[in-house]
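Below, subunit A partners subunit B and then partners subunit C, in two separate complexes.
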Partner chain A sequence: MSIVNVAPPSKFDVARKTFIRNGFGSPLTTLISVIVIAGLAYIGWVLLDWGIFRAVWSEEDVSQCGGHAGACWSVIDARHRLILFGTYPFDEHWRSTLAAIAIVLTVVVSCQPVIWRAKRLAILWIAGFATYYLLMEGSLLGLPQVTTDGWGGLSLTLFLFAAVVLLGMPMGLGLALMRRSEMPVVRWFATILIDTVRSLPLVTTLFTAAVVVPLFLPSWLEGDKIWRVIIAFAMFFAAYQAEVFRGGFQAVSKGQFEAGRALGLSYWSILGRIVLPQVFRHALPSTVNMIVVTFKETAIVTIIGFFDILASGKAAYGTAVWAPYYIEVLVFVAAIYWVFIFLLGQYGEYLKGRMALAAH
Partner chain B sequence: MKKYITAGALAVMGAIAPQIASAQSATVQQIVERGTMLCSGHNGSYFGFVEVNDQNEWKGLDIDLCRALTTAILGDPDANQIVPLSWAQRFPALQSGDVDVIIKATGWTMGRDTELGLQFSLPYFFGGTQFMAHGDLGITDATGLEGGTVCVEAGTTIERLAANYMTTIGVEHTMVSYESQAELRSAYLANRCDAFAGWGPNLAVLRATELDNPDAHIILSDQLSSEPISAAMRQGDDGFVDTVNWMLASLLIAEEEGITSANVEEMAATPPNPRVARLLGAEPGMGERLGLRDTWAKEMIAAVGNFAEIYDRNLGKDSPYGLERGLNSLWNEGGVLYAPILD
Partner chain C sequence: MPTADELRIRAKRRSRAIQSLILILTIIAIWGAVSNAQYNLTRMNMTSGFSFLERDTGWDYSFSLVERSISDRYYYTLFIGLLNTLFVGFICIVTTTFFGFIIGTLRDARHPALSFAANVYVQIFRNIPLILQAVFLYAILIHLGGPRQAINLGDVAFLSGRGLMLPGLNISPAVSIGLLLASIAIAIGLIIAKTSLWRGLAIWFVSSIGICLLATAVLHPSGEPFFSVPSLQGLRFRGGISVPIELLALVVSITLYGSAYIAEIVRGGLSQVPAGLVEAGQALGLSRISIWSRIKVPMALRSIVPPLGNQWIFMMKATTIGIAIGFSDLFYITVNSISQSGQTLELILILMLTFLAVNYSIAIFTNWLNARLQLKEH
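Then we have the complex of A and B:
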């Protein structure tokens, strides 16, 4: 009697068989598959050849770059500190590095379900932003002062992004709740605010906050440009996010409120324990979308004179020696964007899986 | 209503003008109290004028002029803060006090001078429309383009200027317009045009940095236009305009007199003529009339050099761009730069 393998085929096995059946089932599909695979392989080869095999890597070898067929990564070797930190003073880069790490940690910790209590989040965010500010500005810690004009690069992009999302998220939730309020004045206020902000282009909003506002505010009320811009950007984010939350609210049936009320729970208990967890679940895909878009939109601040990672990238190739190698710089900046946005997307997937479990 | 306010303001100014004449300007006072000068930077880089070096420090012609002004007022070339600004943002930023002065490759136009409420300094740079051509044509000016193809960017003032100029000098040619700079450049490189027109300094920079072999291209000697580039200030502070003008004038006089960052101390110790003595503060006069120190010009030249040094370092022969002085030479060397009289 022969031994029959009754274990289910492995996932890889299934995938391989499906691939062969679908891709090479008939002469036509075989032909298409071969063309597609050959095309991809060719593109892959060209990129590898340009980016790695024929590339020049170190700053000292820049003389080999001229007329060379490969990438000239020397520009990154020489200018990566400019791309990452903008015009932040060279000797103080450790501060900018630590500050950026503090912001990334704040975001990562905020993403952990354990921390999702209003009080814990508030403490975390205040601590995170205070750390960033104290390190970057420096004078309160007895370090050389660096005003916000000197902040830049990846470090600034991360800070703007985190500040906008972390401020905008609660503001968006507040607006969504106000928009659902039974008090007409509150409801109208939220509606008008959301629709006004949404009908203005982001560029206009930021330009107004950065450039126009100081023309008519008294100087003691002006504050630093960076805060005005963050608040305006967060308002913009909140207006859109409020609509995302509203969609989430609409997906929760009215019966759940009524049931809660019948049990004698308070408004806040119903909201916090019954409704909001479901709202977040329904709103998750659009929220991740909003966050990703916001990360990329931070590049707009360059038109109001912030030295974000794209502006510092431009400055990196904006000098005679490095001018021909702008593609390398832009690829480097794109890779940085990709890493952060890919991680955000993966986190969204993780949350979806976790919430799907909770829904069962 | 406005008229009365203006009249009133004039009356008040008339009454206090004699006192102001010898005192410091309000802007200079502000800068001194703050201890830092606020200058305009760029959101990225503008070749030769505003760039960032490998140590993440600002450099360029415009940055050096800011350093010169900072030295003149505060005695220290590094006591400034460069505020990154976009092109669109520069004038509101000046009006709201985000910067004290705009030194940012900014052309002096009537609209800016009147409607925007700005005040311009003496021009420190003249840039105009020029042609760049393939070197193997063996030509040096636009008459050599007879029967050739000239490419321009569509809808720009450069297009109109080029057409006008070619008609004026009577050169038969074909003009081809392209929608963008990038298209224009690749058409030129693909030999679809014999020459193309653009802003002189930009052409020189392009030639030095982005074309594979700079020597295969030549910038023709024709100057189609010339636009004055000046520092811009808020209107209403004449004292500050004087300060900026004499900062520029001193750099030019220093070049004229052969005073450089290397020999300035020597020149100050044994001035060859009364003008140099006055300029470098060996004789009084430079300081008091602007509300500054008598030696401010000497300190400034020691820190950043004379105008030729600044130009050569950033745009000219000591820079990768190698832009000719041309119009930007002194008046006695065939250029249009001159200083007011130092009496």
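Then we have the complex of A and C:
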């Protein structure tokens, strides 16, 4: 009697067989596969051919660009400092670089589960943000002072992003708690604020903060335009994040509050030690999603006159020499955004998968 | 040791104190803001109030669906801005929903190449800011040459730096707006009459095309052809419908971006349909298309509609980025009015109330749609 192999087929084997059956199972599916793969390959080839094989790379070779079929990356070679740093003083660009790295590191470190305690996260973000501010502003470290008007490019985009998340997160939590309050005035206040901010386009909110709000404020309260816009942006973030937290609260059963009450714990102890840890856990994937959206939306500030990476990109091809190479510059800016947003988004997907596993 | 009653009274008092404090602070903040605004306005010698709406504007802008001139009143110009916003928003809601369903279905498909291609599309267009896509597209369009160097799309449509020329029915713009409204009215009527999804869509499609053809047959200028096809005459195109590049860039970029988002919503909804239902359909011998249209989509719609409604509201709000490429939506018109007339507070108030009203209407509609789609408990 021969031995029959009854071991289950390997996962790879199953995947390969499913792939072949679904992709090449019948003449029609095979035809679709061939057409789609050929189409994608053609587009990929055209892009590679334009962007790499026929491209001109260095600033000195710019004369070869005219009438050329490939990309002219000379414009990036020549103007990348303007795109990345805006009008920040040339000799101080190393500060802007370090500051941007500080923000990126803060985001990367916050992705590690070890850091997921409210206190650690708060310390990390405040430290990262302070590093950024001290380096960019400079006067406290004894470096030449650069006011916020001089900040620009990628560094400004990262600054807006970090400031909005840092301010907006506690505001969002506060609004979510107010919306759940048993006191009607508090609840209405939060509900009206959240619903109004969510119904208005972000541009109008930011425009109002930049242009209209000074009319309402005495001059000593006006502050910098950039801070007014950051606070308005943080309100926008908080209004959406409050709804994310609300979903998290709904996932925590009421019995947990009641159990805490029965043990004689105070409101803040119940919240801090029992409910909020679970709320944060449930709200995590949506929060990452909200952070991704915020990073994308920072591009809006170019409309109200900030020199973010989109505006500095436009300035980079704003001279007669570089005007023909606007596509290269915009592709470069889009690629920067894409890398940041794609990686954050993939991380969000990974978290979702991880939590789905934990729920089993 | 306080009794339970005393504790309850204490808690009540504290809650009253907190609420009064919030009310008082809000009132003080509003009063302070208003008095400051009055002080600032008198200092700048500006009159407040809405009488400026009756004044002439004296400036021009890029796009309107109806007749316009620089001697229009402010209220009329703002109305055109609202019309433009609603127009772009409506077109984008329709196109993004349409393409979003197609791409989301492909994303959910078993066929590996199709789902991969859909995934590539979603990952590219969802991960680049909308405003950057709009600026990019606009930059490319504006660098296309004049009408003489136009890209010829099958001799009926032409794309140049001046705009996209499309063939169209030979009717006046006012009539086409009337037809658009009639088509929306038919759609609302069908929804109220509770026609089933696919039959309703078919009836709506056929009847909309029907009234368009009928109106053209009756109303087109006598002696001219039924269809108006653009053709190059000298230095410009004549005939057809001209779509300015601002409008084109805005609609295409919102469509690319929004349909990537809706595709993800649709895929999420489709993948939540229990596999047993699909297998039951297969066991009954239904074709793949029937399984999709009669089992998967109706089931998935219940989880798709709430986030879809949010996406529609997002699309309405996204029209405001038109200002970055010079499309005259409501926000653009408002900002221009502010810089020309100086009536900042009044204009911002109008802008905000309008957006609240529009988005609130969409929210009511999707809530109602959602309530209609939920399974009835027997």
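Note that the second predicted complex is superposed on the first by the 307 of 360 C-alpha atoms of A that agree within 3 Å, B and C clash if a C-alpha of one lies under 4 Å from a C-alpha of the other, contacts with A are read in each partner's own complex, and residues count from 1 in each chain.
Here is the rule we use: a residue touches a chain if its C-beta (ideal position, glycine included) is under 8 Å from a C-beta of that chain, and two chains touch if they have at least 3 such contacts.
What you see is a predicted model, and the numbers here were worked out from it, not measured in a lab.
Under the clash rule set out above, the superposition-derived model of subunit A with subunit B and subunit C contains a clash between the two partners.
In the superposition on chain A, A:Asp149 makes contact with subunit B only, while subunit C stays out of contact range.
Shared-chain residue A:Glu182: touches subunit C; no touch with subunit B. Legend: residue contacts after superposition of the two complexes on their common chain; A:Ala210 is shown touching subunit B, with no touch to subunit C.
With both structures placed on the common chain, the touch criterion links A:Leu173 to neither subunit B nor subunit C. In the superposed model, A:Trp338 lies in contact with subunit C only, and not with subunit B.
In the superposed model, A:Leu82 makes contact with subunit B only, not with subunit C. In the overlay built on the shared chain, the residue A:Lys225 is in contact with subunit B alone; subunit C does not reach it.
By the document's definition of touching, neither partner reaches A:Ala239: not subunit B, not subunit C. By the touch criterion defined above, A:Lys314 reaches both subunit B and subunit C.
When both complexes are aligned on chain A, the segment of subunit B among 58-66, 184-192, 292-300 or 310-318 whose C-alpha atoms clash with subunit C is 184-192.
Residues 207, 211-212, 215, 302-303, 314 of subunit A lie at the contact with subunit B in one complex and at the contact with subunit C in the other. Across the complex, subunit B is touched by residues 66-67, 78-79, 81-82, 85-90, 147, 149-150, 152, 207, 210-212, 214-215, 219, 225, 302-307, 311-312, 314-321, 323-324 of subunit A. Within the complex formed with subunit C, the subunit A residues making contact are 19, 22-23, 29, 32-33, 36-37, 39-40, 182-186, 189, 196, 199-204, 207-208, 211-212, 215-218, 296-300, 302-303, 310, 314, 326-327, 330, 333-334, 337-338, 341-342, 345.
Across the complex, subunit A is touched by residues 41-47, 51-58, 81-86, 88-89, 92-93, 95-98, 205, 208-210, 212, 319-321 of subunit B. By the touch criterion given at the top, residues 15, 18-19, 22-23, 26, 32-34, 36-37, 40-41, 110-114, 116-117, 120, 123-124, 126-133, 135-136, 139-140, 143, 313, 317-321, 323-324, 331, 335, 338, 344-345, 348, 351-352, 355-356, 359-360 of subunit C touch subunit A in their complex.
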